[in-house]
Each structure stands twice: as C-alpha cells, then as structure tokens.
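After this come two complexes, each holding subunit A, first together with subunit B and then together with subunit C.
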Partner chain A sequence: MTQALINGLVLGANYALMALGLTLIFALMGVLNFAHGQLYVLGGFVTYYVFTVMGLPFVVAVLASIVVLAIVGFLFDALFFRRVQQRSAREESSMLLAAGLALLLESLILLGFGEKQRGVALSVSGVYQIFDAYVPASRVVVFVVAMLAVVLFILFMRHTKPGRVLRAIAQDRDVTALQGVNIALYSGVGFAIGSALAGLAGSLLVTIFAVNSGMGTAISIKAFIMVMLGGAGIVSGAIVGAFVLGMVEALGYAFLPGSVTYLVIFVGLILFLVIRPNGIMGKPWG
Partner chain B sequence: MTRLLDLRSISAAYDRVRALQDVSLHVDKGEVIALIGANGAGKSTILRAITGLIRPVAGEIHLESERIDGLRPDQIVRRNVAMVPEGRRIYPLMTVKENLLMGAYKRSDKAGILQDLERLFVRFPRLKERLSQSAGSLSGGEQQMVAIGRALMARPTLLLLDEPSLGLAPQVVREIARTIRDLNREEGMSIILVEQNSRMALKISNRAYGLSTGKIVISGISRDLLSDDRIREIYLGGAV
Partner chain C sequence: MRISGMLLAAALGVTSSLMSLGAHAEDKVLKIGQLGVMSGPSASWGLVSRYSAEALAGMINDEGGLSIGDDKYKIEIVSVDDKLDIRAAIAGIERLAYQDKVKYVIGPNVDDPSVAILPVLEAAGVFNISYGFTKELFMEPNKNTALGMIATYQTAPVVYKWLADNKGVKTVSFVSWNGVGGKANLDSGLDAAKKVGLEVLSSDAVYELGTTDFFPVMGGVVKANPDLIVLSGVSPAEAPLLIRAARELGYQGLMSTETAQDAKVLEEVAGSLANGFISLGGASSPELQSEYMAKFRDRYVQVAGEWNDEAGTKVYALYMLLKTIEAAGPKAVDDIEAFKASLPQFETANPFIKDQSVKLRWVGNSWFGQPRQISVPMVINEYRDGGFQTLFVTSVE
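What follows is the complex of A and B.
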C-alpha cells in the first residue's frame, strides 16, 4: 500500500509537469495540444540519446531535453499555429493542426530514434525505506526534480513580469496587445515553456517507464484527463488533476488486473464530468 | 496648433461588412475630441483602427507625421497612445496592482512607475485601498478607475476612451467626466472620447464628430453642436 502511494506521488509530480504545460498552451492559444504526448516522448528519447548513447551525465541529458523541446515548441507556434490562427479564427482549424503535428512529430521520432522501446537506467546509489516501502534513490531524484520544476513554474507565473504578461494574455489577448505586448513573441515563449515542461516530464519518467515512438497519443489522453479533472486553464486544477490521476493509476496497477485500471479511470472520469463538468477547481482561469 | 493624429479617408470592414466609409478626422495637440452616434455607427471601429486592432481597407492614419496604419497594436501604443476599452476589459483575476503594472508594461523606469502610481492614488484614492484585491471583485465604477489608471500608467500623449460612462451611476459618470477634463487641462493630454452619452461628451470636448452608419455626418465645435437642432434631434433626443 505505502509502495503504491509513493509511486503515485512520483507519477503525480511528473504528470503535473505535463498537465501544467498543456493547460498553459490551452490558456494562451485556446488550443488543446494533441501533440503534447509526442512532446513528452521526444523528451524521453533526447534524454535516452544524450545519457545512454552519448554517455553524458544525466543532468546534461535533462537540460538537453528541456532545451530541445523549448525550441520545438517555439517553432510549432512560429511556423504553424501563429499562421493558421491569423487566417482562421475557428478553433477546429487549430485542433486539426495540432492533431496533424502529433502525426508529424511521431513520424520524425520514428525516423530519428527508430521503432525500439528505449528506457534509461538511472543508477543513483541508495535505497530509502519509508514505512514498509523501499524507494530507490533514483525515484527520489525524479520526484524532487519534478516538484522543484512545478514550484519554479508557479513562482515564475506569479511573481515575474513575463509570468504576469502570460497570465494577461490568457485573460484578454487584444487588451494585452494594447499594453504594448508583442503577442506573437509571447505566444511562442508560452508554447516553448509548455513544451519544455512536457519534455522534462518525459526526460524524468523515461528512467521508470520506457518510451517508444507510438505511445504519444496515449500520453496525450492522460494529460487531457488530468486537465479535465482539474479544470481547463487553471494552474491549481492541473496540479490536482495530475496527482489524482497519478494516485489512481498507481493504486490501480497495484491492486487491479492489468488493463482494468484505465477502464476504471475512464468510467470514473465520465461519471465525474457528468456531476462536475468544469472540473475539481471549478470555473476557468485561476 | 500642431496636428497629432490624422485619419484620411479611412474605410474599414469586419468580415467584408463595411463598418467605416471614407472617414476623415483629426486631433490637434491638447484637444479633446468627442465621437458621438448610435450603437453600431462605427465609433469604436475608429478607435480599433487607430490602435491597429483592425487594419483599414483604405485610407491612411498619421500620428505626428508618421504613418501608422499597418503597424501592430503593440507598435502603435509604444508611440504613446493608450486606450481605455469599451466595457473596461480589466484583468478580473489579477490584483488591482497587477492591472496597473500591465499598463506600465513598456516602461522600464522603476522610479517613474512608482511615482506615477502615487499620483494615480491621489486621483483615485479608492484604488490604493483596493490595491491587493482581485480587480474582478470591484464595483463597476472602481473597475472603470482601474481601466483608466492602467491607461495612464503608460504615460500617453493621446488617450482613447471607449464608452467610459457605460453602465455607471450618474455620480460616477460625473467623476469620470471631471477626470477627463483634468487630464486635458493639467497634463495637456490629447483625448478622443467615444460616447453614447452625447450630452456629457459634448460638454467636456472641444470639437465633436457625429457618426451614422459608418460615416461622419456632422462635425464642429462642441459648444455649438450642443445647441444645434440636428444634433438635438439625432443624438440628444430632447430628454435627459
């Protein structure tokens, strides 16, 4: 039991990174980013390549994932989303674009890293005993780094000028342009941060779950579940949704037969949304 | 007087529906200009064209002898133009202070920003009391003060106000009218005031343009227009 709860916490912290990235992009662009799972997968592969293939330190591999994904995110916006949104105000256009980019990214990952499943064995010596559970030090590292990133993200959004500008754009795009903000630039920055968060989650979790080029969509769906659970566009909602899903998943894997866990999660989500369609944290924007 | 803003034969459209037709108007330095007319006459569209939120399909806009139509909104407001949008459009989930700081976004002089905040609190003491409250929890009048304060934090030389009296109690409307007059007289700010409350707008402006279905149908000195029969009939409706 304790073991499952601890696994849930580690999962939850990393899921929070994904959910925050997804919710940030949603709040800024009004786009549900269907390519979010592929960004996570790319983050995992970059870490695998830098750490296992090139043999560089894990810290360097994590930073490489963050930087590569930030660049990919910025380009996604500059090359695709910005152009489409200039021509078409319809949400479906951006949604279709995101779905197309998911396929594109998946193919590029397949071309670049092959079809094999890849994992990273992070060897940090030491095992912690917490009540009756044994937690390898590598998991502690993964948990602490993810939590640190969540806290840094929140501080950035709350207390810095760029963070304030991103919140302003989420609330009113035109009016923020009227304050002198270059919206296109900031949208790119927001997309870069959202993508980097997904990449960081992939980079950290690849030490626990191997990645393969075809798993992106399943990851995206997980991210959507978290955001729907918590409430779209809300920072606190993304975090709560992530930890709820992480816990349920960890408990399910511990106590239910294999494939039943996600069946239970989906049925539970549907029932939950019938009762509370806006998610745990209620109305949008917080 | 020197010319500050010049609109020359501007036409504009939303989704190919004509919203402005051959509109020419100008603002000299230190002037208060009123744009009056019914809902949908094109008053707000003129402000949206000046700030670059829409691009005119024909005509030119000049600000201090520089052509600005075709520039992005952020490029235009960097030329010391600020707007108080219709319906206030404050950031409801930000604190009053964060709202005001967004207005000072393009400035980097910290000392000057703090100084301007203090000056703003002299003008609107209530904002100081509400500084750390979320702006969405304020009353309509207080929200309008936040919207005006946010625009003033940009230190504009040209201030655009879109229906500042809309939905506010008469005493608040009087307070805002007084503020507009003070900004013009004490700080020499040039102002374009878009209003459906034509009487108020004509009382505090130097000149006015009357719009109807996207065209300027009458213009002149505000004092004269107040007693003009055509204006009475169309915009003042005899009542009030």
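What follows is the complex of A and C.
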C-alpha cells in the first residue's frame, strides 16, 4: 500500500507538469491542443540531444528544451492558430489544426531523431526505502524539480504583470482587449509558456521514462484526462486532476488486474463527467 | 524533303524503340512490399524491418542485381505503414497487391494485422513473411504466409529449460502488454513454463501500450520475488523501462524476453541495471557475424543513420525471399505457386554468420504441418555493459 501511495504521488507530480501547459493554452485560446504530447516528446529529445549527443550539462539541456519549445509554441500561435481563429469562429477548425500539427510534429521528430527509444541517465543513483516502499533518488530529484516548477508557475501567474494579463485574457478576452492589452502578443506568450511547460516536462521525465517519437498521442490523452478531471482551463484543477489520475493509476495497478485499470479509469471519467461536467474545480478560470 | 523527313522520323522511332527495349532489358525491377508499423510508439518494429530490407536490397543492387533465369533484376522495396491498425493493414496490402503489383510482402510485425490481410493474400496471390506468431497463420488452409523469425512458443521452452538447468530457476512471473499479441505471447510463455516445470507465481501484470511509468505495474511482480521475470513479447521501447522499474524496486533475480532488443537502447535507458538481461538475438554479435553481416551493418547505418541490433533478426526475410525466387526460376517472379512449390527442397548457405555449416531453409513442418518458417538461427543473448554476449545458439527444429 505504501509503495502504491508513493507511486501515485510521484506519478501525480510528473503528470501535473504534463497537464499545466495544456490547460493554460486551453484557458487562453480555447484551443484543445492535440499536439501537446508531441511538444512533450520534442522537449525530451532536445534534452537527449544536448546532454547525451553534445555532452553539455543537464541544466543547459533543460534550458535548451524550455527555450526551443517556447519558440515552437510562439510560432505555432503566430503562424497557425492565430490565423485560423481570425478566419474561422468555429472551434473545430482550431481542433483539426491541432490534430494536423500533432501528426506533422510526430513525423518531423521521427525524421529528425529516429525511431529508437532515447533515455538520459542522470548521475543521481541510489534508492531510498520508506517503510516497505522503494523510491529511486532520480525520481525524488524529478519530483522536487517538478513541484518547484509548478510553484514558480503559479507564482508567475498570480504575482507578475504578464501573469495577471494572461489570467485576464482567460477570464474575458474582449474586455481585456478594451483595456489596451495586445491580445495577439500575449496569446503568443501564453502559447509559448504552455509549450515550454510541455518541454520542461519532457526534459525532466526523459530521465526516468525515456522518450520515443510515437508516444505523444498517449501523453496527450493522459493530459486531457487530467484537465477534464480537474476542470478545463483551471491551473489548480489540472494539478488536482494530475494527482487524482496518478493515485488512481497507481492503486489500480496495485490492486486490480493490469488490463482493467484504464478501463476503470475511463468508465469512472465518463460517470464523473456526467455528474460534474465542469470537473472537480467546477468553474471557469478565476 | 517530305520523304527524308519521314525517313528521319522512322529512324528516330526505331532508334527510340530499340533504346527503350535495351533500357527495359537492363532495368528489370523486382518489387518487394514491406508492410509494418512505422509510426506511433511501436514504430521501431516496422522501421527496422524496412531499413533492413532497404539495406540488403541496396547491397544486392550494387552487386549488379539478382539473377533470375537470364535476367538481372534490381530490387525495389515498396513500404507501407500499417500503423498497427488492421484497417490500415488491409488498405496497405491492397495497395501493394493491386496498385504496385507486388507479389511478395515482408511484414506485418504483429498478429492482428497479419490475420487481417489473409483474405487479400489469397485473392491477389501474394506471399507474405509475417512477424506475427499466431500458429494458424502458417497452417493449412493458409498457404501464403510464412514466419520470418522465431516465435515465443519456440524460444520460451528453450530459454526456460536453459535457465532451469544452468541458473537454478524454479519460479517465474510474467509481465505482458494488453492486446491480442501480448495475450498470445503470455499464453505461450505460460505453457512453456509449465512444460519445463517452473512454478508460475504471477501472470496478471498487464500494461497498456504507451505506458511510461512501469513502477505501478512492476510493484506486485517484484513483491512475489520470483527467480525469473519474463517480459512477454516486450518491445525495445518498453523493455529497458520495465527492467529499470524492477531493479529500482529492489528485484535482484533474472529477467528475460523472447523478443529481439537493441543494446544501445538498453544502455541509454537502463544502463547497468540491464546487465544480465536475456533476449533473442540475431547474427550481429561479434563472435557470430560473418564479413557479409559486417557489410550489412555498415549499409544499414547508411540507410538508418544508426545500427539497431533487431536488424540481425530481420535481415533474413528479404534474403530468403530473393534466394528462393532465384532458385525457383523466372516463373516465380509473378507466380507465387512456383515459389511455394520450391520451398520444401530449397536450401542455401547462411551468409550472415561465420559457421558455414548452418544452412538457411524453409522449416516449420513439425510446428505448422508445412514448411512456412525461415530457419533463422535461435541466438540467445545476454546484455552486459553496452553489448550483447551470445549464451548459446540453436535452431527451431
């Protein structure tokens, strides 16, 4: 039981990183970014390339992932999403665009980084024992950094001017524009931050989960489950959703036959959404 | 003027026709299809198959092509991604058979699409080398499908017996993926374990394809503390993560799989935690490989950018197809009945390993009732410090 609870906690922290960027982009743009998992994968590959192939320090590799993904996110918004949203008021237009970009990005990653699974071995070794549970030191490091990133992100959103502007856009885009805010610029910034969070998640988690070019869709599905559970577009909801999914998954694998766990999760999600369609946090960003 | 113009036109026409005939004679092309998963989390399975075929085809073409009767054929590989989806596999085989007029196809990589394309193989007269393990694929009334490597039910008894005799293994637990292929591999492993007399401690640890964190999956398996954990039918992407999770959870026993793996991936993702991991190998370990295999490795790197140890098991499919067509004669180029008729007696040297006493044949009579399997040597490897070491070599029969 202790092992399952610790597994759930660590899993939840990792999942929170995956879900934050997705929920931010949804809150700002109303875009269900199906390419989020592929952005995560790209972040992992950039870290692999900088750290393993180029031999630079891990911190540099993480920063490289954040910067590259922020640029990719900004370009996604400037070149694709902003233009489509200007020309089409239909939500499905941007959804289809996101799905197309996911396929494009997956193919480009496959061409650029190959078909093999890639991993980064951190020079953090050892395993801690807590009661009868085992926790590898590498997971502790990732857990701490992930939590730190989540806290920094929340502080940024609450206490900085760009953060407040982004929250204002999420609450009411038109009213915020009337205040003289450059919506186009801040939407790009928001997309860049959301993508950079995906890149940071990929960069940290490549050290324990590894990464391959085709895993993006599975990551996106999990991120969507967390966002739906917590409440779409709500940062705190994404974090809650991540820990709920992490715990349910860990406990499910511990006490149910493996093949049943995700069946239970999906059935549970459907029932939950029927009862509470806005998710656990229950209301729009605010 | 008009007459000379007509003569000129006629001369040009004749010259053009002759040139066309000459070019046609020199450029005969034999198209070989390759159908497999080349996108998504299991992309490496199909891509290794594709790169292996393209590398070997390139080597044969550089040597002047394949001699069939009096003609020389250049080999062209036509690849289609089945996305690990039966609908895409059926569309892919239809494209290969009816649009590209391909008569011989390598792949798919797993059972479901291999079963799904059977009606098209029959209707279009296409011969297929599959990497699915379902026995019925290779048994009557199916005659157009052969097994391109060694199946779990063939590897498992041999490996478990060796481990019981040499490492004192008495108990085993299984981990498998949730799907038809994963279930089939698991069942084969369980049968083999019972035949060898191993006590099965658990077999209900099942994970979804695309799982990233295997800690929850491995927790219960490790708790049972078996002598051996079998990663049943595991892909190269998942094997190092499963190994790492088991070791980090404190497991110190043996681990094995019946599928081929890649040493570089094991090294990068699991590092020294993968030492001692036992898997199926090909002809690529230094103590086994011939000069021809070394050349193939170089060519593979040119094609794919990096060597993959899985290619040591995938190189045989195209080689056996081509050598059998060559032996069966020109009729087999377009008629798979001529090809199939030559299978029972066909035999050739294995150019990929040093030991030239080992021959390549179409085997499988004792398993499937007809010769529908390539006699790929059963090489059992142990991973250690970034490379594979050969434990032993045997055959499926």
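As a working rule, the second predicted complex is superposed on the first by the 276 of 286 C-alpha atoms of A that agree within 3 Å, B and C clash if a C-alpha of one lies under 4 Å from a C-alpha of the other, contacts with A are read in each partner's own complex, and residues count from 1 in each chain.
Everything that follows uses one rule, which is that a residue touches a chain if its C-beta (ideal position, glycine included) is under 8 Å from a C-beta of that chain, and two chains touch if they have at least 3 such contacts.
Note that the structure is a prediction, hence the values are computed from the model and not measured.
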item	value
Combined model on subunit A where subunit B meets subunit C, clash or fit	fit
Superposition-derived angle with apex at the Cα centre of subunit A and sides reaching subunit B and subunit C, degrees in steps of 10	140
Partner chain in contact with A:L110 - subunit B first, subunit C second, else both or neither	second
Touched partner set for A:R164, first subunit B, second subunit C, both or neither	first
Touch count on subunit A, higher of subunit B and subunit C	C
Nearest-approach distance, in Å, of subunit C Cα atoms to those of subunit B in the combined model	37
Touching residues on subunit C, where the partner in the complex is subunit A	38-44, 47-48, 178, 204-213, 215-217, 219-220, 236-237, 240-241, 248-250, 262, 264-265, 268-271, 304-306, 308
Contact set on subunit A toward subunit C in their complex	3-4, 7-8, 10-11, 14, 52, 106-107, 110, 114-121, 127, 134, 136, 205, 208-210, 212-215, 217-219, 249-250, 252-254, 257-259, 262
Contact set on subunit B toward subunit A in their complex	51, 53, 72-74, 77-78, 82-83, 85, 89, 91-94, 98, 101-103, 105-106, 150, 154
For the subunit A and subunit B complex, residues of the former touching the latter	161, 164-165, 167-168, 171-172, 174-183, 285-286
